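Below you will find the structure I want to go over with you.
By written order: A, B, C, D and E. Residues from 1 in each chain.
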Amino acid sequence: MSEPTAMESTKPTRLTKPTKLSGPAKTDRDTGTGKEPGTAAGASRGRRSPALVAGCVLVGLIVAIALVSLFWVPYAPDDTSGGRLVPPGLPHLLGTDKLGRDLLTQLMTGARIALEAGLGAIAIGAALGVCAGLAAGFATRWLDDTLSTLLDVLIAFPTLLLAMLMVAARSASLGTAVLAIGFAMTAVIARLTRILVKRVLALDYITAARTSGTSWPRVITGHVLPNIWPTLVVNLAQQFGLAVMAEASLSFLGLGAPPPNASWGRMLHEAQATVFTAPTGVVAPGVLLVMLVVGVNLIADGLRDTLDPTRRRTR
Amino acid sequence: MISYLLRRLAFLAGSLFLAGVVIFLLLRTLPGDPANSLLAVGASPEQIAAARHEIGSDRPLPEQFVTWLHQLATFDLGNSFISTLPVGPEITSRLDVTVPLTLLSFVLAVLIAVPVGFVAAHRSATWYGTLISGISQLGIAVPVFWIGMILITVFALQLGVLPAGGFPQDGWAEPGEALTSLALPVITVALVMSASLIRYVRSAALDVLGSDYLRTARALGSSFGRAMWRHGLRNGAVPVVSVLAIELATTLLGAVVVETVFALPGLGSMLAQAVAQHDYPTVQGVLFVSTFAVLVIGFLGDIAQRLIDPRLRGRLSGGAR
Amino acid sequence: MNEFEKSGPAVPGAKTADAKTSRTVAAGPAPGPAAPAATVLDVRGLTIRTDQGRALVSDLSFSIGAGSRLGLVGESGSGKSLTALAVLGLLPPGMTASGSVVLAAGADGPGAEVVGASEQRLTGLRGRAATIVFQEPLTALDPLMRIGGQVAGPLRRWRGLRGAALRRAVREALEQVRLPEPDRIIRAYPHEISGGQRQRVALAMALACEPALLIADEPTTALDVTVQSEVLALLDGLVAERHMALLFVSHDLAVVSAVTDHVVVLKDGSAVESGTVDEIVRRPRHPYTRDLVDSARHLESALERIVR
Amino acid sequence: MTNPIRPDSVPPNAARSGLTQSDSAGVPAAVDSPAGGVPVLSARDAGFAYRGSPPVLHGISLDITAGHSVGLVGESGAGKTTVLRLLLGLTRPTSGRILFDGTDLRLRDREQMRRFRRAVQSVFQDPYSSLDPRQRVGGIVSEPLRSLGLTRSRQDDPRVAAALEAVGLPADAAARYPHEFSGGQRQRIAIARATVCEPRILLADEPVSALDVTTRVRIVDLLIELKETRGLTIAMVSHDLSVVAALCERTAVLERGRIVEQGDTPAVLGTPTHPYTRRLITSVPRLPSAKEV
Amino acid sequence: GSGNDNKSTTPSGSYDKNATIGIGSLYEPQNLDNTGGGGQGVTEALNGNVYEGLFRLTDSGKVEKQLAEDYTVSPDGLTYTFKLRDGVTFHSGKKLTSADVKYSIEKVTAENSQSARKSSFDMIKSIATPDPATVAVTLSSKSISFVYNLSYVWVVNSEAKDLKTTEDGTGPYKLDKWTRGSALSLDRFPGYWGTPATNAKVVFHYYKDATALNNALLTNAVDVVTSEQSPDALDQFASNPAYKVNDGKSTTKLLLAFNDKVKPFDNVKVRKAVSSAIDNKKLLQSVWGDHGTLIGSMVPPTDPWYEDLTKINPYDVTLAKKQLAEAGYAKGFDFTLDTPNYDPHPTAATFIKSELAKVGINVKINIITPDEWYTKVYKNHDFGATLQEHVNDRDIVWYGDPDFYWGYDNKQVTEWVKQAEQSDTTDEQTALLKKVNNQIAEDAASDWLYLYPQIVVASTKLSGYPLNGLNSQFYAYAIKKS
């Protein structure tokens, strides 16, 4: 009994009802050919995506800076001996701010804050969001209707609004900002999780698992989660970028990490007044911020291509 | 459709009430004494007590809630703790800035994003297709305030062609002046918004471009442009519309930053200030009005989606995706 | 065109067998190098490559004369659909065709080369010179547009109809494919009608173009057997009536043999055998064809034993 | 166990029930259970409606007896899949009952469900969506064993290897992922999963419809082989009458949620009484006969 | 009207009598009532412009008669009799009478009054209005500051209905329009009793953000900024001939306030050591560049009892270390600095932290909201040290209150402060308060980090604007635009 090789029949002939195959199931059907019909870009992307590499380089740089700042910074963060608004050069490579603090030092600690904010928010958002999304994904009918519409409404509420409320309650700090951003993110992640869960649950292998006598908890851990995580991870990477931006915006408004911490957003705010006299203060944190966010977005895109080659670049 | 509308409206009302309760409770659980902000450092405890009594923050929660609901029913959003002036009229006057700002940005963003996103999809293999994707990628990563700062520096401070901020005191009584002062903020928001919209439009366009019905239309002799016009546009709109609704709501409420940078007397800056002052009635009022706006936008988005996509009609939840 | 307007209710495809035998006599050109003057489609050395250079279809040649029917058979992934798309110049982006595909542009004018033609030129050919009915009737129709509007598209384009005349033509087109309650269906959206009905709509749209060549890419695989046989019969009748050429693509030899007289068997993108239906079915020469025929017979035999 | 009663042995007319029978009042008895004794799985006057929709099944009565494979035919949307879902215990009928070994199937009764799951396994139509793409084949095939507490191991259980071998897959398949296999091979994996715990009944929803003709023949052969060597009883939904004719001793014809005709396959398909059945039979496309005219 | 005492802005020859003056400010009124929570902004916009008092405080800190034509004090110092100016009408057209004055004073002292000055009128026993042009106020105890305090009392029309969104004062301008969140405009009042305003209209434009305000000035959206809060931006004005940067004297002091009742700050030596360890000059320099002044005590130069006391606790790290050692903290100590979350406090806190690190004191910065500050520090005295700006003039008297939040308790000082208020002459008062001033500096009751500059940046087209803006008032009626 010879079967056609996997290569020959990567596409099924469907003789009956059109079965709309979605996301995760489709995923590996085409890994055989490594291609996505309909998009030339998809076809040209190999297994190691250039986006992923570029993203890793950018993010890696920021992470490296943050790590180095843990052990070494050129000056103490609150060392004000530098003199007011010294232009870039030696000994202050990027110059100083109005208090005479070294800008490079602040940028380096700022990297740490940005990463902490992103990771913290993602951790909170993912923990709450995935649980809520799973719950909604398994809920039926009106409960699901209610939950999903509720999520739709919540999603429309911007992170900043929520953060402002929480800051009003708890006073500005990195923790508050991260908490607020994390909460705001929860709805987005929950909604995505819900959709992914619904999609996976509609697939036959879930029915097969159930008729094999597999219990619901094991269906979740054994089938649902492994099949949704690639898409989820891609999205979390994107959310990470948004979280970093949100923290910067909060700090810009004075609602983020309080002053001794050199958050990039706060640095930008402080440097606003000296756009002309000391432009480094505005340019440097901005560039790093953009690098980090672009970096994680590239990683997200790259991950999508490698983990999930058939999914079109949504968003 | 009618029954859907009714159910959806009922849901709208329910959400609104729920949102009201949540907003109220959220605010009351915040620590910090509103009366504190009323008084300069030299106030006596008696003065504070008197102030509290006047604003009603010394009464039990349920009583305050009922009062609030009662006020809402009569379209009264109460008086500010701080200024003791009614909240409603001020919100209305702030909306004069925020609503045009949001809508204009929104329209501009859509005008930018739809053609650009389409080109990015249609020409995804070419260098400029990639370039567009790259730029939109970058656009998403640039904070609003940075763009705002740069635009101010270039157009207001260097070139001096547009005002750096502010809004005419007489508002829309001088439409020309009002529009000029909104120019930079609108461009700022539109740039940021279109950066992310382009990605949605691009992916919707990619779906359309790869679709069977488009191929069928072309096989039947439609030119590509015609097929896109007749079939592509509407099909591409389905996923984009749901995103648009969210973007619109986000911009409406997320105007704080841009209003700060451009010194606009909008709802966002009003809220920011009220939050800082623990001015509950104001925060409450702004939040409530915002929630209402968000729900209505969502409602309209849903209706729009259902008008476009007959497959969704009759389904209460679930957008395009 | 006159013929189209005159034709009343078409002959139902009940008498398939009769129609076929008569057609076989009027045999079109056999797939081979020499194509007679009335050739509607002439494919020479067609090769389709991905942008990485992998050949999905290689060196395929066949031709179809006016009024004749050719079946393209092969298992899933053998390149049938790509071939059909290449004929219309509708290959997915990134894929390139080489060789030559010539479609008869007018009644007897010189053929038009499809490979390498400009998009504008192709748009002029598609619909009139050749058109296609796809396998998946749900996705082939615009989900957001009423059936009436979709059928009206080609009618307006090809026959220049407007207003009331157009509405009448739409209704007629739907009646032609024997759709029940045409008035309801005109107002319906694709998701509101059944698969068989959708496929009839797709057929009506293709026929509205009055093409010289109709390509049917597995038009019935998504359908129930009962519906399948109805649609096949309909297709058979309508094509005969209009004296169209037909390129019928399917993996199912039995289905192909029901509507065509000549068959090209495709394996891994190249033709392994071609000939009349009878030759292929009764005396398959290539082992692959033999396997195909044997399998079909094997399955049929169980039913044969019972039904006879 | 391995002695299926030849369907031919039952006289055609005696073994048919008509449309009227299932319409009769009261709980219809299992229709002419063949000499096999108690049915393993049966539906008694079962009706079903999806929530918020009108009923899609009406008074379905069907018996699956050991050794008598059943084919369920009918047009798209007739309710075939839904019947199967009821028989699989995935949903409760809105009226009527589902019996397993003569007792009511209670979805909450863990003990009974364990026995039920062990005895009744399933295969689905789409070979692509029915295998978890992120599990190795060994994990997929051993899942019933693990879920039913028959093994802890993911791949090493000898039963997994045996099941894979029985469906004609190489032993090293266990370590690979589904996407490395073709549609036909995937369907074999699905069958291996369904047979690994040696069930008595295999419920299959269009198990070969998605496959090429050549592949289809091989899978049908495999199923016949399993019937004969393992005494497996198959209840199968298919719109392909040839497959039903080849595999099933008995046939039930479903039209718009009602069984309009059921009985031994040769009887039902050979001398159909219901017009729908007749139409079904004449619709099957045939090759021109092998002999030259 | 009352004379123009804005000496430092040179009046240019010709000016536009019908000019509109755009004034940029960060302080928007909450409402238009200064006894009803109008805030700093309402004083800035309306004080002296729309509303007038019996007396007025000039830009240099002098008290002058305004609506009071004359007044007498009884020999016991307890009864003040004011004679009102004739021919004064409110913007509504009503004539000013003594009833309005009585009403206005009572409005400040009313139970629901939110006026910060309320307590300074506690000693009023009764107010009599013997005739429409005479008001007699009887006090229960002597108060040398009474007349000064009256300069804060706006005389309003006793019959006015809504003083929160409209006004009815006697000043040279009447309210044109108040657009909340955006601007407040005033029109010249034609029926003004005194010299009419030198411009037709002033518009206060309100900004939330100093940078936005500066941009407005740079793009000519406003002509003058009342109080520049972003010194970093000053360079761009200083170097631009189209603008003039004016350095005035404010009354706002930035304090490092110790809790003088708790360890280790109950020890004078520790307080002095901390004061000496911080280089106030450098701090001022980094926050304000070349602007602002060091005063070394609580008294700003516009108060009559001002003395330069910066020498008492000079910046001297060795001295600081010595004093610390004497106090028993040779190795330094740790303390938490409660810091309000808005500028310049966090900046100053960072600076202080790095300065004190040099003498071994480890500062933990605790950022808190104004609310928290009010509850934790001001009300509950639950703190070690805090940063706070004190904006009012003549507020040295708080050191005479042992229950005030900083807990400074010196019997002698308390007595002096009390006596000063009871003095018969201002000289007497001044002498006493100077003693107080010296004493608190000797005790380093707090560390007075610096006195804010009052920087008015204006287009060079403008003249006649006030420079010191005492208590945030901004007299606009003498501004001329060429």
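Rule of thumb we're sticking to: a residue touches a chain if its C-beta (ideal position, glycine included) is under 8 Å from a C-beta of that chain, and two chains touch if they have at least 3 such contacts.
Worth saying up front: this structure is predicted, and the values here are computed from it rather than measured.
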Suppose chain centres are the mean of their C-alpha atoms. Which chain sits farthest from chain D? E
If chain centres are mean C-alpha positions, then the most distant from chain C is chain E
Using mean CA coordinates as chain centres, what's the chain A-chain D distance in Å? 46
I'd like to verify one number: the distance from the centre of chain B to the centre of chain D, where each centre is the average of its C-alpha atoms, in whole angstrom. 55
Express in whole angstrom the distance between the two chain centres, defined as the mean CA positions of chain A and chain E. 49
Whole-Å gap between the CA centroids of chain D and chain E: 90
So which bits of chain A are touching at least two other chains? 4, 8-10, 12-17, 37-40, 44, 168, 272
Which chain E residues sit where two or more other chains touch them? 369, 372
What are the residues of chain D that contact at least two other chains? 76, 183, 212, 214-215, 239
Where on chain E does chain B make contact in their complex? 30-31, 36-38, 111-114, 116, 118-119, 164-165, 177, 179-183, 185, 203, 205-209, 212-213, 215-216, 218-219, 221, 369-372, 374-375, 378, 390
Residues of chain A defined as touching chain B within the complex: 37-41, 44, 144-145, 148-150, 152-153, 155-161, 164-165, 167-170, 195, 241, 245, 248-249, 252-253, 265, 268-269, 272, 275, 282, 286, 289-290, 292-294, 297-298, 312-315
What does chain B use to touch chain C in their complex? 125, 209-213, 215-224, 230-231, 234-235, 238, 308-311
What residues of chain C sit close enough to touch chain B in their complex? 85, 88, 90, 92-94, 119-120, 123-124, 126-128, 131-132, 134, 136, 139-145, 153-154, 157-158, 189, 191-192, 202, 205-206, 208-209
Touching residues (chain side chain A, partner chain E) in the complex: 76, 78-80, 84-85, 98-101, 168, 171-173, 254, 258-260, 272-274, 276-277
